[in-house]
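Chain naming follows the written order as A, B, C and D, and within any one chain the residues start at number 1.
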Amino acid sequence: MSHNTFGHLFRVTTFGESHGPALGCVVDGCPPLIPLEAADIQAELDRRKPGQSRFTTQRREPDEVRILSGVFADDRTGGQQLTTGTPIALLIENTDQRSKDYSEIRDKYRPGHADYTYDVKYGIRDYRGGGRSSARETAARVAAGAIARKVLPAVTIRGALVQMGPHRIDRANWDWEEVSRNPFFCPDAKAAALFEDYLDGIRKDGSSVGAVIEIVAEGVPAGLGAPIYGKLDSELAAALMSINAVKGVEIGDGFAAAELRGEDNADQMRLGNQGAPHFLSNHAGGVLGGISSGQPVVCRFAVKPTSSILTPRETVTRYGADADVLTKGRHDPCVGIRAVPVGEAMVALVLADQFLRHRGQVGESARWPFDV
Amino acid sequence: MSHNTFGHLFRVTTFGESHGPALGCVVDGCPPLIPLEAADIQAELDRRKPGQSRFTTQRREPDEVRILSGVFADDRTGGQQLTTGTPIALLIENTDQRSKDYSEIRDKYRPGHADYTYDVKYGIRDYRGGGRSSARETAARVAAGAIARKVLPAVTIRGALVQMGPHRIDRANWDWEEVSRNPFFCPDAKAAALFEDYLDGIRKDGSSVGAVIEIVAEGVPAGLGAPIYGKLDSELAAALMSINAVKGVEIGDGFAAAELRGEDNADQMRLGNQGAPHFLSNHAGGVLGGISSGQPVVCRFAVKPTSSILTPRETVTRYGADADVLTKGRHDPCVGIRAVPVGEAMVALVLADQFLRHRGQVGESARWPFDV
Amino acid sequence: MSHNTFGHLFRVTTFGESHGPALGCVVDGCPPLIPLEAADIQAELDRRKPGQSRFTTQRREPDEVRILSGVFADDRTGGQQLTTGTPIALLIENTDQRSKDYSEIRDKYRPGHADYTYDVKYGIRDYRGGGRSSARETAARVAAGAIARKVLPAVTIRGALVQMGPHRIDRANWDWEEVSRNPFFCPDAKAAALFEDYLDGIRKDGSSVGAVIEIVAEGVPAGLGAPIYGKLDSELAAALMSINAVKGVEIGDGFAAAELRGEDNADQMRLGNQGAPHFLSNHAGGVLGGISSGQPVVCRFAVKPTSSILTPRETVTRYGADADVLTKGRHDPCVGIRAVPVGEAMVALVLADQFLRHRGQVGESARWPFDV
Amino acid sequence: MSHNTFGHLFRVTTFGESHGPALGCVVDGCPPLIPLEAADIQAELDRRKPGQSRFTTQRREPDEVRILSGVFADDRTGGQQLTTGTPIALLIENTDQRSKDYSEIRDKYRPGHADYTYDVKYGIRDYRGGGRSSARETAARVAAGAIARKVLPAVTIRGALVQMGPHRIDRANWDWEEVSRNPFFCPDAKAAALFEDYLDGIRKDGSSVGAVIEIVAEGVPAGLGAPIYGKLDSELAAALMSINAVKGVEIGDGFAAAELRGEDNADQMRLGNQGAPHFLSNHAGGVLGGISSGQPVVCRFAVKPTSSILTPRETVTRYGADADVLTKGRHDPCVGIRAVPVGEAMVALVLADQFLRHRGQVGESARWPFDV
């Protein structure tokens, strides 16, 4: 990971600002011969798209993706479009950059935003809609993640919002089917109803609130991860922490593990039906020593409340004066909601890259531990 | 970060197993003309060294470091040893690899350890003392971190243990001086006394317990961080999560930020005395949009309890049979304690690398935001 | 350099196929505050553009470039467009993909082309116009190179064709002004006249011929290069060898150095007027021990004859049958001609990246060797 | 390739100076389960070792290598030592650093050497024996190359000296067996006899001479190479150009290709006996479009004459004065000779890395082009 490129063998480079002509990415290193249509990517983009409920920004972006390279179809592929192993460029045009007066955010550093730090670092910034630091950049990640998923067709990666502000779901009610039935990606129908009331209040106050998202990847083969500094959990932490507004990441039990004793934390094993090891619990979240164990990979990340709120806040201007600022415009009262498909995409990118790196070093033949 | 190399411009490659002849690292890309003696590195190693109290493993390793390359002294440097800009190789010989019967851990996968996953990935592992997955590898990180600190002489990086098992320190008692006065790196004298009793009980039970460590870097210049995928917080998360047994990472308020409303989370600013912006709080932990703000960088990580305990646990063998295993030998009842200097080292490595990358892209001249 | 990304701090990722909808690149890591208009890039693209004389392919591509991100202008920049430090995406649409019957090259592997090797590697290829292996990809390099030049405004990078087939220029006639006056980028007016006749003959035969190109970079500061494996000459060699059809690379005297004795090869030094060292010759081509010496950096590369010719050649088909193939269509009789601006671009990319890496490790302050 | 690390998945980081305590390397990313003894590496080191004839430096270095990590043997491996997939650290102690007066080379920049450029870049250098820029560093490459060879057991990589000063071998006399029978790695017995006389004269004059080396890799599978910027030939060029004193690199016909017409250059194909394509010539040197074709990979590199000679040369001092310098001491009159095993090692490193990267992206199953 460096600058705007993510990954080693499966590499994604994103570009684009919130109010520039377009954003997009180049996916390099994708294996060849994978069926890939724009519609596959669009389906994921539509899950992240703004303006789908009153709980997300009212900006209207169709987020239509075009594939510019790296795929091919002819009569020999039966008309099916396949990846060719060359870079896949994806382009999403910005269409709803509302013309407005930017003087407020041009000169005043909005607290909690990257306005000040971009200016300090670069001496210049595209302040329109947050420029490069806008969450709009995550559309490119979701698009790339859709391709990453296809590298690992046997892996299922799903995300859910498990906490909004101080309100947590009841895990006993967890139902993956429920996630697509409410505007919060919430797996607990009861909690979703509560979230609706709660967030309506927040929204009407012109305020915002944080959230916690959980991502679960099932079907991850054992053996992925490149210790010591390319550990699977280390890269998941980097990937999730790189999402806008994320302030914390956990694998498995996460911070709760600190409170446990050794007897309670380590996941015991027994032989399963197929002669493969079977874990009796999953405190580890599917990763041991930086390598996947074959259990579901479970991670969580905390998203801070959207910093754009209607209450005036104290700040300074670019010219060195004290000032008050308040952020009008179209914003998500809980930016954590749309972070769910983004988190899924980041997990997919890490897994696809680690899978290729593992295959590179070790090959495809299973290292069945019991027959050496 | 890839395989066993960490960093982009300031790069550290570590090697070595717990019971092999030696471990060490190569630090590449270090700026030239920095005074560096082995004693500078040794001082940091001694803080991590095992066997310094009854609360860490009784393995006796002097952890003496030799510098094999990359430094030079002659009469023209006044006899002072300086870095030359070429790779600095550091070697630490293993001396206390007690000969023992390894048959227990050779064939049985210890729950919570990387035994099973290394075998699944590689088809082979050096099981003596945990091999490559032993926390002994972190000595090389601490050694490299000592050099990284010298790249940023104006930055102070300090760590403290803030939670042991369920017991948290009282932040009102925080005293950095206290950290070196107790065997826990604990900044709260009262809590340290409690930890002593508590951990004695754990130790006598042959059990273990987790911990939470906080690292604070003061004096970090504003502007470090390479968005989008080389964000400062993203790389800190990766660095800390790569430490053995770490299951969670937070920046600033971390998971607590999820519970806040926008008014309470964003750090307001006012002009300070020197005309520079002054933040009124530090919920962000010194990072906004992936770039340092000039505030102290604050991060925390959770360490799970040591998986080596005296209580027998259920597992499977390499040959596909159910078995019970218990781990005798010399172990840390709370491996989180010695993780404190390791966490400091990882933060130092991230900051040194980000500093060089920032200087590469943007140059040394300050981007004073108020005078453009 | 990996896959389709070139560079470490100044990084270029290209994408696109010859007959796909578009090609382009993402330039990441560019320093901020550099004036950059599309016209700056277009000027370089126009030098490489096909169809400008009867000696290059008759494909008509305007090669119009759009900047999609990474630049910003407002009243505070005086309307001048500046780089912002974020990724600069460049897009060039393909417009003259002539519809034709591809059955000949779809199934038959053209000798000297990458048809067979792409199929062996990936199991699929976009055969239209050579797909990804088409020299059309080099438009993206030239575009990126135009930005790289702006990172080093004091460096002048110029290229010239010094040999066509067996015919070499007379170096006594070298005149940089002449390069833009003939369709060959030839610095020797007399040789250019000869080349014209010679290449007309080749062209009428439906044949092709190779060439040698020399690139000279003047004003390169001393100190660039990252030994041992990031040596300046090593990266120049990689950069030039990565250009389509290149089979050899030389720095300074190149292969002729093998024939010299030590007395004749090493460049002696004397103090110059400004107290700086002055070299009495430049056999080294401006690089010593992988680091620039302050002398002009001189490199040459050999381009093989275009493999697309009208004479039938023996080959095999994708289906395992012997066949004859001849390549009709629009081709360069001497692809080396248009390689001149491409070579300049690659040298610019290497120098910009090395400059940023040098500044990262060592800083901006000159290491004046005489005052330590 | 960056700084002192070479490769992407199979990565080698070298360290050490000519007169420091030791040099060595860390080989990271090696596949597991490969038999590896120190003796395997020693055999290659012995071919490069100085002092084996009167035609190489008389420095007496045993170049004994120790493996510090990354291998394991127990009863279950039948006592055979295998790689484990973790970093393999190799250490070679310097033993014959003759104490001497360095004042001559400390202050005077030897023409043709890296003295001046290291000082300009870093402001300091270890001048003893050339420090980091000494050809002694190549011992670490040869050691790493010995491991790389084992990653590709079916590939045979051999090198030969084909030109010394102005004298070329007669290719009609090429006999690989002859290479180990003379002190020049020369495949032509007659030329070797000539070289002996010629080099004796050079040596007695206190002079030196350049050379050209050819490396041939047979058995390279088709499909290796990662276009566009990770092309196999591009990486070979970088690898060979990174060897001390190399000034030119060719693949296949190299610069001679520039003189050819299209009919003569492209290698025609016919179906071979096993139904696989068979090339009728190998002008391309086994690489098409940056991807291996299955033919032998053939490359050549030119080595300049050793810059250390007994004839006084004009130079400047570190303190800004004109001076004369002559280089006494133990030097190779033709450093190209010992570059032969170094060139082999670099080719082995490139191929091993490309093989792993190819396997990562595309997998192990052959992409047989005829049955899609």
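The definition used in the following text is that a residue touches a chain if its C-beta (ideal position, glycine included) is under 8 Å from a C-beta of that chain, and two chains touch if they have at least 3 such contacts.
Since the model is a prediction, treat every value here as computed from it, not as a measurement.
Participant: Between chain A and chain B, which partner chains are common?
Facilitator: Of all the chains present, those in contact with both chain A and chain B are C, D.
Participant: Most remote chain relative to chain B, going by C-alpha centroids?
Facilitator: That would be chain C.
Participant: Could you quickly compare B-D and B-C and let me know which has more C-beta contacts?
Facilitator: B-D
Participant: Once you find the CA centre of chain B and the CA centre of chain D, what distance in Å lies between them?
Facilitator: Whole-Å distance between the two chain centres: 38.
Participant: Taking each chain's centre as the mean position of its Cα atoms, how many Å separate chain B from chain C?
Facilitator: Taking the average C-alpha coordinate of chain B and of chain C, the gap between them is 44 Å.
Participant: When you check chain A against every other chain, which residues touch at least two of them?
Facilitator: 2-5, 8, 14, 29, 32, 76, 85-86, 121-124, 132, 227, 357, 362, 372 - these are the residues of chain A that touch more than one other chain.
Participant: Hey, which residues of chain A end up touching chain C in the complex?
Facilitator: 2-5, 8, 11, 13-17, 20-24, 26, 28-29, 32-33, 66, 68-70, 72, 74, 76-77, 82, 84-89, 91, 106, 121-126, 131-132
Participant: Along chain D, where are the residues that touch chain C in the complex?
Facilitator: The contact residues of chain D facing chain C are 1-6, 8, 14, 109-114, 116-124, 132-133, 137, 163, 165-166, 202, 207-212, 222-231, 233-242, 244, 246-271, 275, 277, 280, 283-285, 287-294, 302-309, 311, 313-316, 318-322, 336, 357-358, 362, 367, 369-370, 372.
Participant: What residues of chain B sit close enough to touch chain C in their complex?
Facilitator: Residues in contact with chain C: 8-9, 29-32, 76, 85-86, 227, 356-357, 359-365, 372.
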